[in-house]
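Notes to accompany the following structure.
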Amino acid sequence: MLQVQDVTVRAGSATLVDSASFTAESGTLTAILGPNGAGKSTLLRAVAGIERPASGTVSYDDADLLAMPRRGRARLLALVEQESATELPLTVRSVVGLGRTPHESFLGGRDPDADAAIDAALQTAGVAGFADRIVTELSGGERQRVMLARALAQRPRLLVLDEPTNHLDVAAQLDVLDLLVSLAREGTTVLAALHDLTLAAAHADAVVVLSRGRVVASGATAATLTPELVRDVFGVEAQWLDNPLTGRPLLAVRRLSG
Amino acid sequence: MFRRIVVIPATLALLAGCAATPPPADSPTADAVTVQNCGTTVEFATPPQRVITIKSTSTEMLLALGLGDRIVGTAFQDGPVPEEWADAAADLPNISDFMPSEEAVLDLEPDLVYSGWESAFAADAAGTRDELATLGVASYVQPAACRSAQVPGKLDFDEIFHEIDEAATIFGVDGSPLVAEQQAQLDAITPDDRGLTALWYSSGTDTPYVGAGLGAPELTLETAGLTNIAGDIDMTWTSLGWESIVDADPDVIVLIDADWNTAQSKIDLLESNPATARLKAVQNDAYLILPFASSEAGVRTVAAAASLVDQLKVLDLP
Amino acid sequence: MKPVLVGIALAVALLASIAAAVTIGAADLAVGDVIGAIGAHLGIGTNPLDTLRDGIVWELRLPRVLTAAAVGAGLAISGAVMQAITRNQLADPYLLGLSSGASLGAVSVLLLGVAVLLPVAAFAGALAALAVTLGLAGAIGRITPTRTVLAGVAVSSLAGAITSFVIFWTATGDSYREILSWLLGSLAGARWPAVAIAGIALIVVGIPIVLSGRVLDAFAFGDTTAASLGVPVQGARWILLTGTALLTGAMVSVSGAIGFVGLVLPHAVRLIVGPGHRALLPLSALVGAVFLVWADTLARTVFDPRELPVGIVTALIGAPVFALLLARRRSEA
């Protein structure tokens, strides 16, 4: 279980995240939601140990993530950034192989589990078909999935993603979210910042709603995303109904009238 | 293969219509003089009276011709003048230790800038020749130092004496006594007859800069009876790899001594370098030393050759 | 192509190149005699050459060839690392003001007439320039690759300007030649002390850098990804930068600022074995060594008995090759 307690992140005199607290159970997909600038990325980066919070704790199964040595944390937690690009003509396989870095000793060669982890990651992320292609030649969506595969190659127990559906078309978005849900069902704790309310509502087990750096609500998805909350935070009208295609709950939205 | 610089003998050329001023009463020859100097035609209506000399070769040319009183300023000198002219040179104003600026030159109101290096006549030095001419200042490059107008041929003493003659004509004096004196000095030199080889080492540490086959170093060495190990290179000076020098193993090494690059520093380098320390010239201390000012073509070249011969006599060579 | 095979081929090529280069030179020495002379120094057999010719082989050619190999390797490694750290494929080892600082140190010492201090002065100059560059980059805020590169440009310009002024103010006709030779890069002065400096730098600094290839790979997607992979981003960057500066500073101090080796050769190696740094660093070192050995051999023999500064040869070869590489990239993009 991931426990975030009173995490505050400052940059200069500005407070980007103010005393954020929430928990995420193992085996769940928790969506971090909020309008642009609410602090979703910052909060994720703090959880991942990339940004140092001014105060607060982040622990996973009672282990202090922030105090952990880097490599140890990287074996436990994998981060998929919003934007990551390279000029280097690396093959998909070698990019995914980067995910084994925290498992390799400094001077030693590849770790013994490398091949297995890389192959499994390629399969799971659905990129095994172009493992030998050059990343710079792939489409945005394909690249995103390669980065996801890289994160999976780390064999993390906690997977943190910042806007993983950003450059993807509709089908791919659904694919990624389905993949995150199935990873969660396998036991990984998945934390994803999402900007699409409906998509998040349809897939996430729990949500954490941020507004202006503060956590305004967190908990099970349907219970937390009440129409009142959605109106207050996002400035849109919302209503829960059933998706005729899937039979599962769907959050419909509409601009505020009047 | 040598070529002569084309010079219209001054005594045959008379400027038509441009001589506005009557010749000064004290000049021996009142004819106006025109010379072709390094690609530029230079006209002297009257012999120059206010000369700025750049580099020692120019200063010493004038001193040798007894014209020290016409020098209003010197620049970029290479070392002290020989004893015989020391008094005459004592009060010469020194404009700059390096190339002078055009302003500093013009400030002295010269009528001639006489330079031993062609590079003095650039906008960022004494001024271009054209510009100086429009300001009424003549410019003269020592012919042996001229690179731009023609490829230098092999220097010989005819050339040097020719330059003395031309300078004398420009200044309206008689150069023949000086030429005769130099010729006599030259004739009196008995070249060393041991068939020795020599390196003319001017400067450079990683890659030495040495006298090659066409210029004053070659002439000086030949006159002294020495064979230049770089004599087959068609340049006046050249940079030469240490390997070639070690391979040639010269019998003697002529070291050029300058304040900024002393003979001693070159000796130290030769001795400290494990490859050159084995040269027979280094092992035998077979060094001949010449001051920098006498290493470029000019009135000291004959004396330089004579000096080498004298130093060779004293050298204890196995 | 399998990197290990390429590596072995290159190592063999390097040994062969060193052996061949030592037999080539302005002095006409028989190959067998050269080998015999070297053998005698190593304790095998008697020396067939007289002391003078032996001096040519053992005191002039051999140290020069060995220095060329070490410097070529060091510059290639530095270039590859700089390209990785600054995430800029056009980076070279001199980017952070290193060569301008070294030049300033070297030129000052040449003009003061204490040429014997040149390696020390060049090295000190390189490190001083690096310190100023990093200080400048950090003064504006967090040090980022872009800021560092820009600060390096500023420091290079400043050091270059001061160097030009110093040359202008104090140089006599003779010293221009020496200075030019140093600025272009030359191995003409490489004796055994140079071998020691370059060799020790390569072993003490170069080898650890080469072994950190994996860390450099992690930088491929930027700082955040590298950090999330467990790499101590700031610390690793500092250590690698300092290491590169030390390595480059040492090389520049013995040979001046030889260009194009660090810029072009890593690209060429990438084309053969791909961008993974585990292979790229050691192979670039080998290619750099072979390349510079031959470039210097050309420099000292093509206009025999005159010598060119090797920097001219590397520029003449490197510039067109670089243009070709750029053209390739544009057509791929």
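Should a chain be cited, it is by its letter among A, B and C, assigned in written order, with residues numbered from 1 in that chain.
Throughout what follows, a contact is a pair of C-beta atoms (placed from the backbone, for glycine too) under 8 Å apart; a residue touches a chain by one contact, two chains touch by 3 or more.
From a predicted model like this one, the values you see are computed outputs, not experimental measurements.
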Far-end chain from chain B, centres as C-alpha averages: A
Chain occupying the most central position, where position means C-alpha average: C
Most extensive contact between chains (C-beta pair count): B-C
Distance from the mean Cα position of chain B to that of chain A, given in whole angstrom: 82
Centroid distance [mean C-alpha coordinates] between chain C and chain B, Å: 42
Where chain A and chain C are represented by their mean Cα positions, the distance between them in whole Å: 44
Two or more partner chains touched - positions in chain B: none
Residue ranges of chain A in contact with chain C within the complex: 45, 48-50, 70-75, 77-79, 81, 84-91, 94-95, 98-99, 101-102, 104, 106-107, 147, 154
Chain C-touching residues of chain B, taken from the complex the two chains share: 98, 117, 202-207, 209, 230, 233, 238-244, 246-247, 249, 258, 260-261, 265, 273-279
Chain B partner contacts - residues on chain C that touch it in the complex: 25-28, 51-53, 55-56, 59-61, 113, 115, 172-175, 177-178, 181, 186, 188-189, 191-192, 300, 304-307
Chain C to chain A touching residues, read off their complex: 87, 89, 211-212, 214, 217-218, 220-222, 224-225, 227-232, 270, 274-276
